[in-house]
Structure formats: C-alpha cells, structure tokens
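Going by the order they are written in, the chains are A, B and C; count residues from 1 in each one.
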Amino acid sequence: MKVALESNAFFMGVEYLAVFCCGLVGGLAAVRKQYDLFAILVIAWLTALGGGILRDVLLEVPPVGITDRWSVVTALVSGIAIAIVHPEINKLKWSMITLDALALGLFAVNGTAKAMYLGTSGMTAGFLGMATALGGGLTRDILLNDVPMIIRDKHWYAVPSAIGCVCTVFVCKGRMAGLLDAEQEIGLDVLIIVLIVGMRLASVIYNIKFPGAVERHN
Amino acid sequence: MKVALESNAFFMGVEYLAVFCCGLVGGLAAVRKQYDLFAILVIAWLTALGGGILRDVLLEVPPVGITDRWSVVTALVSGIAIAIVHPEINKLKWSMITLDALALGLFAVNGTAKAMYLGTSGMTAGFLGMATALGGGLTRDILLNDVPMIIRDKHWYAVPSAIGCVCTVFVCKGRMAGLLDAEQEIGLDVLIIVLIVGMRLASVIYNIKFPGAVERHN
Amino acid sequence: MKVALESNAFFMGVEYLAVFCCGLVGGLAAVRKQYDLFAILVIAWLTALGGGILRDVLLEVPPVGITDRWSVVTALVSGIAIAIVHPEINKLKWSMITLDALALGLFAVNGTAKAMYLGTSGMTAGFLGMATALGGGLTRDILLNDVPMIIRDKHWYAVPSAIGCVCTVFVCKGRMAGLLDAEQEIGLDVLIIVLIVGMRLASVIYNIKFPGAVERHN
C-alpha cells in the first residue's frame, strides 16, 4: 500500500516543497556561520533529507536521501538558492517558521506512514516518524556543533511532531483495517499536518513552553 | 541459542534495571542543563537504548530501542522519574556510579553475546558489545554537545567494558563448542559483570587512570 | 566484479597505508587534546575506518571497520604508533597533509567503486564514495566536539573528493559497459587519485578557497 500523501501529484509537490524549505533553513544556518558553498550544500542536503536517511537506515531499506534523484536535486538546488538569496530569506522570518513547521508536519506524517506500510508496529512507526521529522535538524546542529534544536528550543517543536506521529499511527491502522478509504485517510493526514503546524505556530506566537523538570529545592 | 543472561526472569529483571538506571543517568544530565521535559525523555531514552540501537543498526537487525515495548516504556518511565526525583538522585552519587557501572557491564556482556549468537566473528562481537555498552552515553553527550565521556573521563570507563567484551567472546565460544553448559555460562557472565563493575569502581575510588600518549619533549 | 584497486597486492598495500595514515592523523588530534590511550585508539580507529562503516551501514552490508581483521589491526597499530611517535609526526606537517590527501583520494575511489559493483546507481555510489572519504574525519571531529573539517576547512577538502567520486562513477560505468579493460580502469583510477591529491595540495599551497555564499548587503 502506498503512503497516502505520496499518492498524487499535488501531495508529491507539497513534499518537494517541504524538502526545499528544509534545505533553505539548513543552508541559512551554514551561511550565517560563513562556511563555504560546499558546506552550505552539504548542510542543506542533510537538513532536508537526513531525517529520511535516519529512518531508512533504521528500517533497513535503501535511503531515499542518496537514491531518489529528484529529492537530491531539490535539496541541492535549495542550497544554491540560499547561497544567493539569503538576505531576502533572512527577512522572511515568519514565512520560514511556517514553512519549517509545514515540513515538520509532512515529514512526521509521511515517515510514520512509510514505516507502517512496511509492516512495523505502531510504536516503531511512531519513532520512525519522529526520526524523519527531527533527524534533519538534528544532523544539521550536530555538524554545526550546536546543541540540537529539539533539545534546546523552549517552544514546542518535537512535541507536536510526536502527537502527529501517534495520530498518524491510528489513521494508518484504521486504513489497514478497512475502516477508512483512501480519501478519508488523505483528509485525516492533512488534518494532522494542520494540527502540527498550528501547535508549532501557537507555541512561538503565544510563547507557550513545555515544562521542564519539577522544580524543587535541595 | 539465546543470550544467557536473558534466559530467565531474574536476569531480565536485571536488564530492565540497567535500562532504568541508564535512563536516570541520562535524564539527570538533561535536567542539570535545564532542558524541557521532552528533551529529558529523549535523552533518557537514547542513553538507555541508544547503545543497543547502534549495535542493531550495525548488525542489520530491527533495533530493540524502537521495537521492544517494555524496554521503551522502562526508558521513558526513567525519564519521567528523574524529572521528579532529581534532587534525591543527585545526592546518591555513589549509588548512581555503581548502578551505571552495573549497566555498563550488563550491556557489554549481553551486547557481545547477542552478536555472537547471531553468528558474527569474535572480533565483530567484541566491537558490538562495546557499541552496546558505550553507545548510549555517546549519543547523550553528542546531543548535549559535550565531549563524550568515553573520550573525556580519565577514570577507567571504556577499558573495563572492552576487557569484559573480550572475556564474553571466549565464554560464548566455549559454550558454542560445548565446553560449558548453560549454568556455567551464566556463572561466568555474572563474574565478568562483577569484574567490570569492580574495575570501574576501583578506578574511581583509588583514582587509577589509564596512561595517555608517551610524554616526550620536542 | 571486484573493486579494481583491491585487485592486486600493490593496491591492497596502498589501501592499508591509507588506513594507517588516517589513523595517525586521527590519533594525533586526540594526543593534542591530551586524552588517554584508549581514547587515542578509539579516535584512530574511527578516523581510519569510520567512513567505511558509514558507507557499509548505508549499503546494508557488514561493516568492514568491525569485520575485517587486518583493517582493524592496522588502525589500532596506527593509534599505538601515534601515542609514541607524536612529536616526530607533528613535525612532518607536509608529509601528513600529503598522506591524508592520498587517503582521501583512495577512499573516494574505492568507496565509489565498491558501491557501483554492488549495483547502486551512479548518484548513490557518488554519495557513498564521499561518505567513505569524509566519514572518518567527520566521526573524529564529532567525538572531539569540533566543527567537522569538511565544514570548517576553507581549503579544498570535500570538493576534490566529490569531483573524484563523479569521475570514478564514469570509469566504473565504462568498465561495466565493456569500454575499458581491467588495466585501463586501474590506470584511470590512479589518475583520479593523483587529481584529488593534486587539487588538495594546490589548494593548501596556493591558498585557493572555495567561495562562500554570495555577499550582499541587507
């Protein structure tokens, strides 16, 4: 069974857009640190496709990030683009946060669905969805020697993706049990992505944070 | 053939205890750096199960750390626990060092044995045992952007696990050659763990260090 | 079909020399940071064989770096050697840069060829060749908590290996299509390595740098 959101041209287009946005976000981090063009390309490629590579290594299937021509081309083009238009992208702060949230949602849903349709358990699929969504940014931050954003960011970033992965597991189970048809699955998947984007943006806009350890005095 | 120390309820219990302790140690590092609850959970989970994931990726089998329900639950519970009881755990310095050493020993022995029974050579099994024992702490320190403890710690940490892995290879070979029965294998495995814990604790208590490069003047 | 440069004793010797040199370079970084002997061994081993491990994990074949006895022995001997002769090696700056460039070239060509003969597409083989050439240094720098050299080094380092990998893909395709015989393949492979070494050295000697992002004012 195919991943629902890769079943038609529109959703494939959205996926390439997500790869492109992730590449821009990653490449911009390299531009800011004044690395050379090759480093910008490597960081853009790994931010965009590193999550999928991580998922595919854990799933023991050939990694999309080094085998799918158009994904690779999209990621590299995003690296070249950001090397040229970085001042403009820098100003688009909110657009970038929104597009990054969109990519987070899309990667979470598609990563989870891909694992489910390869026959993993729901729990494993949830982990793999999160690996897909968060792995790219993780790789970028490790290469740039920063504490990864999923650890450091006080706003909701990993949490919405986790919630989205869990929801996707139930949608896939419903589809595999015949309770949902293809269109309903797509509808629910889109709803989950909207939910993830909404939670991420609400957290940044209203400065909503996830609690830390229980504060207690020694 | 099954891994000897996973053959009965008592040793399975010890293994979950080791996972739990590793999770506490990892989560505590995240609590100290004041990250949020989600980061604490991620770090606890990866410290506890990241070594096994590394081993399983190198062995090309489905990673326990994302497929075994009870291991995952144990790791996540340890993350929640440390978020609440961190002041108490902080005070238990020696208990924690001992439990961490116990986990080091158990993961080294079980990781090596798992690889041996999957048919790898002794050398490969030794490397995989060390990956199991050291991989969790490695992942934690990379995520927290510290130099990994296996590189940084001047006291014996990796060395006892390496010695333990080599011993385990010989015990497994003896068992596979029919020279040892199941009980003798368990007995020797327990002895190896005691040896690893003993070396680690002796090194910390008596401040025994491993030499560095030969000191010479240019 | 075998990897051309592993087809006779001379080239196998060159490969072990490359492993040994990488181990020296890696171990030296650990010696400079005053880590203990075990850390020096781990870093030497991972610098020498980490690239191949990365390639083999992505290819889903048993990693050479934990299964091939002589590669492992060579890497560990290089770690022990550097712990003793580090003051001498420290003075051999140009020899080391040359030997490191030789290893870069050899790993790029052999990594790409290994992937091609396992049946990957040219693009995937190119990525895997670069993973082989660059993965070892990457692992070393992540463990030592530095920004990886492939990101940080302003001189040509990753770029010559990328060009070499692309050339190797075409040579392998020529060989597989029957346009080249074994000797011609070896000749061209050697030529590619000379090209990579030449580009790397020229870049360091004449201070040739790769451009960064387009400089523009906001």
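Rule of thumb we're sticking to: a residue touches a chain if its C-beta (ideal position, glycine included) is under 8 Å from a C-beta of that chain, and two chains touch if they have at least 3 such contacts.
For clarity, every value in this text was computed on a predicted model and none was experimentally measured.
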Would the interface of subunit A with subunit B count as same or different, where same needs over half of all numbers used to appear in both copies?
different
Which angle of rotation, from 0 to 180°, maps the CA atoms of subunit A onto the equivalent atoms of subunit C, to the nearest 5?
120
Distance between the CA centroids of subunit A and subunit B (whole Å) is 31
Shared interface positions of subunit A, touching two or more other chains
57, 60, 142, 145
In their shared complex, subunit A is touched by residues of subunit B numbered 30-31, 34-40, 42-43, 53, 57, 60, 62-63, 66-67, 69, 72, 82-84, 86-87, 90-91, 142-145
In the complex, subunit C residues that touch subunit A
57-58, 60, 120-121, 123-124, 127-128, 138, 142, 145-148, 150-152, 154, 158-159, 162, 209-214, 216-218
